[in-house]
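Okay, here's the structure, questions in a sec.
Labels A, B and C are assigned to the chains in the order they are written; within every chain, residues are numbered from 1.
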Amino acid sequence: MRDWGFRAILSGVLGLSLLASACGSSGGGSPSTTGKPIASQMILGGPPECPQRPFCEKGLMDKYGLTFKDFKPLDAGGPLTKAALDRGDIQIGLLFSSDGSIAAKGYVVLNDDKHLQNADNVVPVGRQAALKADATALLNQIDGKLTTADLAGMNKSADIDKQDPAQIASDYLKKIGVSTSGGSGKGKITVAGFNFSESSIMAQIYGQALKGLGYDVSYKLNLGNREVVEPALEKGDIDLYPGYAATELEFINKGKGEATPDPAATVKLLNGYLQAKGLIALDASGAQDQNAFAVTKATADKWHLVNLSDLAKNG
Amino acid sequence: MTIFGQVVQWFADPAHWDGSFGIPNRLWEHVQMSFLATLTAAVLALPVGVVLGHYGRGGNLAINISNVGRAVPSFGILVIAVQLFGIGAPPAFIALVALAVPPIVTNAYVGMRDVDPELKEAARGLGMREHVALLRVEMPVALPVIMAGIRTAGVQVVATATLAAVVAWGGLGRYIVDGFAQRDDVQIFAGAILVAALAMLAELALAGLQWLATPRPMRASIRWFSRPMRTDELVLQGG
Amino acid sequence: MDATDPWIRWDWLGRHTDVIWQALLQHIQLTAIAVVGGLLVAVPVGLVVWRWRALRNPVLSVAGVLYTIPSLALFALLVPFTGLTIVTAEVGLISYTILILVRNIVVGLDGVPAEIREAATGMGYRPARRLLTIDIPLALPVIMAGVRLATVTTIGLVTVTALLGEGGLGQLILSGLIQDFKTPLVVGAAGSVVLAVVADVLLAGAQRLATPWRGGR
């Protein structure tokens, strides 16, 4: 190689890269410091919107007074969060209470002893113009039959048995005696789902039931989180999605703290906000899925964790 | 205030320059990963391409490996890497190396193939042994084309490292992915600007390196801001 | 991550041929719109840039620089304005195809030997006729190469649009990520590669048909 300039740069580049890899790889866990709140020694993992959500990190800060060492954006209670928990990249992660694999993986869900979470019952949220009387009646009927145990079972089929959400949904509808096929031409409905399996399953349940009534149903699954899906509903890009009553309310009212453990009351308040936008929330189901903050058994044993408020203690 | 004004404010906010979510940390993550991945790919791919090109073997494979490599979706490779290696930096690194190898191999091969045979004969005639001729005669002549391949690979790595934020890695792509999730248009826009700026900087830096590696007489004839032409001539013109 | 999940569950494949087919169709549709739309813009722009030499270097340099913008960043720049829609996806995809095609059109037309063009003018060809019957046909190999490159590149980029709610085969990759499920992931990724290779081969064949005087390549 002839050019001195080139040789100099190449050497510099090699030297920098060695330096870089030396510096970069020395980062790691710091030894736990006793006498500080346990939370400040833990990294919290959850979906990217968690820090601003009243039932997520923001709520943990406001209601429990917890400040974590750091936050790692992962996914909505999905495989990335679980992998991070298993690897120790995070010490506490956001999962969902109806997740079928929590028990299987031996995670410990910390008790919500200060009742941060409220009535996160499944509720269909849609555009009034798209939901006619027969659709509304059928969706309410399904909600009346759906239980939390049903949700947990269906989630398990999806996450552990890798069954297809569409298949799980049609099996469930068959079980409760709702038809999934019936003519067409009643109108178009686009059903959306959030970016986790349970939402895909619920969207399929609603969508296939509506198809049974004769609607032309299309799906936009794994569309994103509420920050993405709700505006899409307002704009009319989608017509319906399966929501969770308390979180929907606190999203719409910008975190005013109006949600209660009573699903019907929460939905009533929710509709107060939705009507003006031409939207409507139907009847809440008995099935609930709330945010659950989980740690590995090892972590729980290490710091004797049972309740979320234990994280505020010094350890 | 327009979104542009808000973006300026976002950059002016000192909170965005601090901590693990701050611009310096994300920038460092991104640069470090891109640099190491490209370097590793070069270390792995150059010997293969150079040797194949020197002996004139495996021509079809070397040329087509780049075409197939271009067809592989980076999003798919990242997710497959996570399935194989878990989350964090390792899958991102391995996926990036895998994506960077094809253009480097192809360009190294073509660069070495295009060395004038008379030059090689002359070196032999001077009594140079084969490996000496390879290192001190052929490779310098092939260097511009080899560097073009490294340039293509480097820019592609910077781009794909942005996507790695979707599989729980960090880097500048974090601002875009988190911004999508939080519906924070300002963060999305600011992240996009940061990523685009870094990509252009990388392209310029690598183009500069390529310029330095090009023997002076050949510098004028290379199109510096070009992009690939035919799929099989892609190697020659600096892209 | 899930060690018990095999890389391909053939029974899943069998039960989801319609899902896979829909994803494939959407993928082809998104690609076709991007390439055809790109051509519609790139041909006039390329002709203008080719004719007015002063525009040549600035336009091609800017295009080369814009091409380095990572796709996720480009989509991200559009989202605040056009939302999570197919419009955002297509505007982003078309931007890249335009950049590739303009360059190839200009370089291709440049490659037409000056003697041939002068001979045609000498034979009384008016500019429009010369353009259509001499310049463009002779530039066709390079232009077609650009179409091939644009198509293969776009097929890869379409998978990223899964993050915008589109995605084609990318939707399968995304659901594989969210469900920690290898089969749709493999089908989506491999399908995308196969589609790109098939498209490249078909376009290469079309290129040969359109330029029979060039002999085999």
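Note that in this section a residue touches a chain if its C-beta (ideal position, glycine included) is under 8 Å from a C-beta of that chain, and two chains touch if they have at least 3 such contacts.
Since we're looking at a predicted model, the values are computed, not measured.
**Student:** So, comparing C-alpha centroids, which chain is the farthest one from subunit C?
**Tutor:** Comparing chain centres, A lies farthest from subunit C.
**Student:** If you tally the C-beta contacts, which comes out ahead, A-C or A-B?
**Tutor:** If we tally the contacting C-beta pairs, A-B comes out ahead.
**Student:** How many angstrom lie between the CA centroids of subunit B and subunit C, rounded to a whole number?
**Tutor:** About 20 Å separates the centre of subunit B from that of subunit C.
**Student:** If you average the CA atoms of subunit A and of subunit B, how many Å lie between those two points?
**Tutor:** 36
**Student:** If you look at subunit B, which of its residues touch at least two other chains?
**Tutor:** Within subunit B, the residues that touch at least two other chains are 82, 86-87, 167, 180.
**Student:** Which parts of subunit C, given as residue numbers and ranges, touch two or more other chains?
**Tutor:** 1, 162, 177
**Student:** Where does subunit A touch two or more other chains at once, residue-wise?
**Tutor:** In subunit A, residues 75, 83, 224, 228 touch at least two other chains, as defined above.
**Student:** Please output the residues of subunit B touching subunit A within their complex, sorted ascending.
**Tutor:** Within the complex, subunit B contacts subunit A at residues 20, 32, 35-36, 39, 82, 86-88, 139-140, 143, 167-168, 174, 177-178, 180-183, 209, 212-213, 215.
**Student:** Could you list, by residue number, the parts of subunit A that touch subunit C in their complex?
**Tutor:** 75, 78-79, 83, 158-159, 162, 164, 167, 195-197, 200, 220-224, 228, 232, 235, 237
**Student:** In the complex of these two chains, what residues of subunit C are touching subunit A?
**Tutor:** Going by the criterion above, the answer is residues 1-2, 5, 9, 12, 15-16, 83-85, 162, 165, 171, 174-175, 177-181, 183.
**Student:** Under the touch definition given earlier, write down the residues of subunit A that touch subunit B in their complex.
**Tutor:** 1-3, 5-6, 9, 13, 16-17, 20-21, 24, 47-49, 52, 70, 72-75, 80, 83-84, 87, 89, 224-225, 227-228, 231
**Student:** Within their complex, state which residues of subunit B touch subunit C.
**Tutor:** 3, 67-68, 70-77, 79-80, 82-83, 86-87, 155, 158-160, 162-163, 166-167, 173, 176, 179-180, 185, 188-189, 191-193, 195-196, 199-200, 202-203, 225-231, 233-234, 239
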